[in-house]
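Two complexes are shown next, each including chain A; its partner changes from chain B in the first to chain C in the second.
This part shows the complex of A and B:
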């Protein structure tokens, strides 16, 4: 018989996070890899989504010994019993995308008209502001205590491995769907126009492209994907705390995109799996290899060094990433609608 | 019929008056040459017409409609197109994609329409590909269609510039030194292509330093100097104009 605890562990600590970060990486890749838009506030969009998702799925708790409460919109969906959480999860996921997308829109509207640096500065600020606002909005977000005991749509009680595997599969299906949509849109003339903007925005403008509008579309869709992934992440961790959404997270997502292959949608998924595996490995290595307690703490720092070395090696030997951008952008997709 | 009217247009960059109360006209169906010393403001004038810059003062009228102050995509939509003096190819797109991406009003450039996968969207795309390949054949770049544009030589990049504006099917084409750096046989071919297109109803406004081209191919010539128009008329008139001789032609 297979060791089901391994299924639990792999799902929870590697596969599901890899899928979730793959969605974020696809969002960042749309912004940076395809359209050349710098986003230094990935964790902010992701965090906003995580909290929106959590608020929709978690029952309300009033202020009390457990810490401050939160809205607990899940009660709105009680009429759908026994699918309450599933419906709340779906609605929360969509709301997370909408809110993160709107925040992206608000940032993009003024800054995308300006030089590229301003978007970088504004997103950097958003990352900081989002976390601080979350930390200080106790009645809605639980403040520093966060939101705890976030439920998932599929729970199997004692069969922990089933619960974990089901969630990983859910995330995987969403990755497939997102990948299919993004791949299709970026291989269409839309993606070609985005790449033209990335290569030379002034030239694209003079050739008659509405570069502002195209950039806005790419940025907002990317931000929405980050938000949706955040909602999934809250369900995975079962808690949402402000400290999960630090600039270190933004940095990891960037690493996934660069390592995997900026501009290649498949590549960034590979990057997400590779980097989350590295993290999983350092977390479990001491059990697998019976490492002494000397390595317990040090291995986490070694991981950071390894990531640094990996990035340097990649820049030297494979500057375009593990799976480089395809040479031709446009590909004919399957025709879905319309007659000959 | 007047196609383009530039009326008292000025543009300064800091202390430099690049274009200074410039007034000129382009007749529909003609080939008009724009000449003048380096730094006279010719490229800046083109950038003003296409909307890259907006004039400090003055009016620019295209087909009886004011276009100054409009963003370039609205101006391009109305049927103007411009090439760059120094080629601005999209480096990592292929040569063919460079041409295709320049087409106007492609429905697939909307993310929603591209996701829906409508057959008509992709038929447009197929037509565009055919048209773009024909244009590449015309300028002799067929072989390189699937190469990244960064691999082209300087002269080939100038040719690509030309293909990118032709695919837009504009009625007024602004060419900033279209044959500079292009070999003689090919530049003859390009000039006869321009002639053919003019016969089919297109209008050309071109900057050129090669006086053979200017005086043999253009219907009218406009001379700029220090941001102003100092002379204009038929090639023969301009060639004998004292101010032009002094500031530009030498002699």
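This part shows the complex of A and C:
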């Protein structure tokens, strides 16, 4: 007999978050790994997505903590069947992607023409502002209390492990889908043009590529992926509170991408699993090692110190990541001389 | 009342100014945006707290803390940033994120996440101009005095000393400075020391002004400081000063507007962000900034480019 509580715990606290962060990391990898665009506001896009998803799906439960008036698509269909929740969930996810992508577009238009670090500063500011705006717009987002009781498809009532596993599998399927799409897009001429921009923008421009528009596409698609993952995350936690979307989240996503090797889509997913396991470990360490209450509080900060040291060490000694992006040499060198 | 709010804006600006000048110096000389600068301020504030336990005198404690933070700056330079010299602007930026995580969370691990306090007893407010301005001598005037004197000293140092000349030369063109006999490595160290001194001072002053210390106190100001640097113009000290004044004053004016119009005053945090985006849209070089690397095309061209791209398909 398998211990089912372990299944619940693993899928709720490690597997499902790892898949969700893998989507975010794939989005960031598209921006940074493939196009060389530095996004320091990942948590902002993720948070916007989470709240848009939550607002679209969750029915309003009246005034008071956690009860702002939402669209509540679920309640539009007079009866709650699993299918109506699924439809609301899909609509919420798509809306989250659209809104995050639009926000990405608005911030990218003025900054993409400048040096890389301007984009970094602007997105850092955007991340901070997005979370502050969420915190301050009480009527829409529930302020510091957030949105509670976010519905989620595939509920199995008493069988908690089945509910959690189903959600983790859903996230996994989405990761596979996103992975194959991105893998295909980045191998296609589109992705190769992005790489050309990353390596030498002037050269790409000289070859007649519309570098500004290509960068814009990569940034917006990446931001949309982060938003969609946010909606999934809101469903996983069943609550959306502003405190989930701190800069520390941005930086751990960055570490996932850099550990996995920027530009390497497979490596990035592995990085997401590794880093999320570190988080799971710090969550559960007190049960496993009976820590004193002093370390019980502080182990979270130790995790962030470890992430910081890892970032510094990687950027110093393994800038291409633990699993570097494989160098591609064309098997048909003559295409270099042909026309487009 | 308007005068009072302008005054509060100056107090706000005087804390931002010290950090903004440091970020700007590092950006000019080391050519990267230091995301750990807010945490260097926090480091200064916390070390002031540590030394306060030994010396019982805030001024002495703050001076000792200055040494620690300056040393921390040089150590960072030697261990990390010196090795990232020819790797473009993003590699040191990522490293500075790592430094920020390490600093902030080491402080939290050691001191705990709760608020600390210097335990100052604040005197009664002073009243000027027949009640137009009411101000606390320690909470408001000390930050302004420290900021004014430190800023003047920095400007004098950059303008009239040999070191300042070497720093400006390195910022302009590193290789040219090097072949002209400037020891750029020493210049880098001195830049870190100067930035560390200013960051530590602003951290201590921030602790004095708001009365409490928290591990995230500097990091929350990072956005405001970056906004000040970009509004004023990256790479120019005058720009950092002007930018801090603009950001500080507009934040306190927003407070006034929110009082009058009934807007939620918590949106004050959006003011630096709005100024930052507006600057990037209208004049990316800032108020007095010098041209930044590469050619900047007008926004109109970029949007036309985007529309052209949309019409023609993906390429």
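Here are a few things to note about the model shown:
Throughout what follows, the second predicted complex is superposed on the first by the 288 of 340 C-alpha atoms of A that agree within 3 Å, B and C clash if a C-alpha of one lies under 4 Å from a C-alpha of the other, contacts with A are read in each partner's own complex, and residues count from 1 in each chain.
In this section, contacts are C-beta pairs under 8 Å (C-beta built on N, C-alpha and C of every residue); 3 or more make two chains touch, one makes a residue touch a chain.
Predicted model, so just to flag it, every value in this text is computed and none were measured.
Judged by the touch definition given at the top, the superposed model places A:181 against chain B, while chain C stays out of reach.
Contacts of A:203 after superposition: chain B is touched, whereas chain C is not reached.
Using the contact criterion defined above for the overlaid structures, shared-chain residue A:247 touches chain C, although it does not reach chain B. Contact with chain C, but none with chain B, is seen for A:316 once the two complexes are overlaid on the shared chain. Of the two partner chains placed by superposition, only chain C is touched by A:129; chain B is not.
Looking at the shared chain after the overlay, A:291 reaches neither chain B nor chain C. After overlaying the two complexes on the shared chain, residue contacts for A:195 are found with chain B alone; chain C is out of touch. More residues of chain A lie in contact with C than with the other chain of the pair chain B and chain C.
Applying the stated contact rule after C-alpha superposition, one finds that A:258 touches chain C and leaves chain B untouched. When the two complexes are overlaid on their common chain A, residue A:115 makes contact with chain C while staying clear of chain B. With the contact threshold set out at the top, residues 189-190, 193, 209-210, 214, 217 of chain A are in contact with chain B in one structure and with chain C in the other. On chain A, the positions that touch chain B within their shared complex are 181, 184-185, 188-193, 195-196, 199-200, 202-210, 214, 217, 221, 325, 327-330, 332-340. Residues of chain B touching chain A in their complex: 47, 50-52, 71-73, 75-77, 81-82, 84, 88-94, 97, 100-102, 104, 106-111, 114-122, 125, 146, 148, 164, 168. On the chain C side of its complex with chain A, the touching residues are 32-33, 35, 80, 83-84, 87-91, 93-95, 97-102, 104-106, 108-109, 112-113, 219, 222-223, 226-227, 230, 264, 266-267, 269-270, 272-273, 276-277, 280-281, 284, 292-294, 296-297, 299, 302-303, 305-306, 308-310, 312, 314-315. Residues 36, 38, 40, 107, 109-118, 120-122, 124-126, 128-129, 132-133, 135-136, 189-190, 193, 209-210, 212-214, 216-217, 247-248, 251, 254, 258, 297-298, 301-302, 304-305, 307-312, 315-316, 319 of chain A are the ones that touch chain C when the two sit in their complex.
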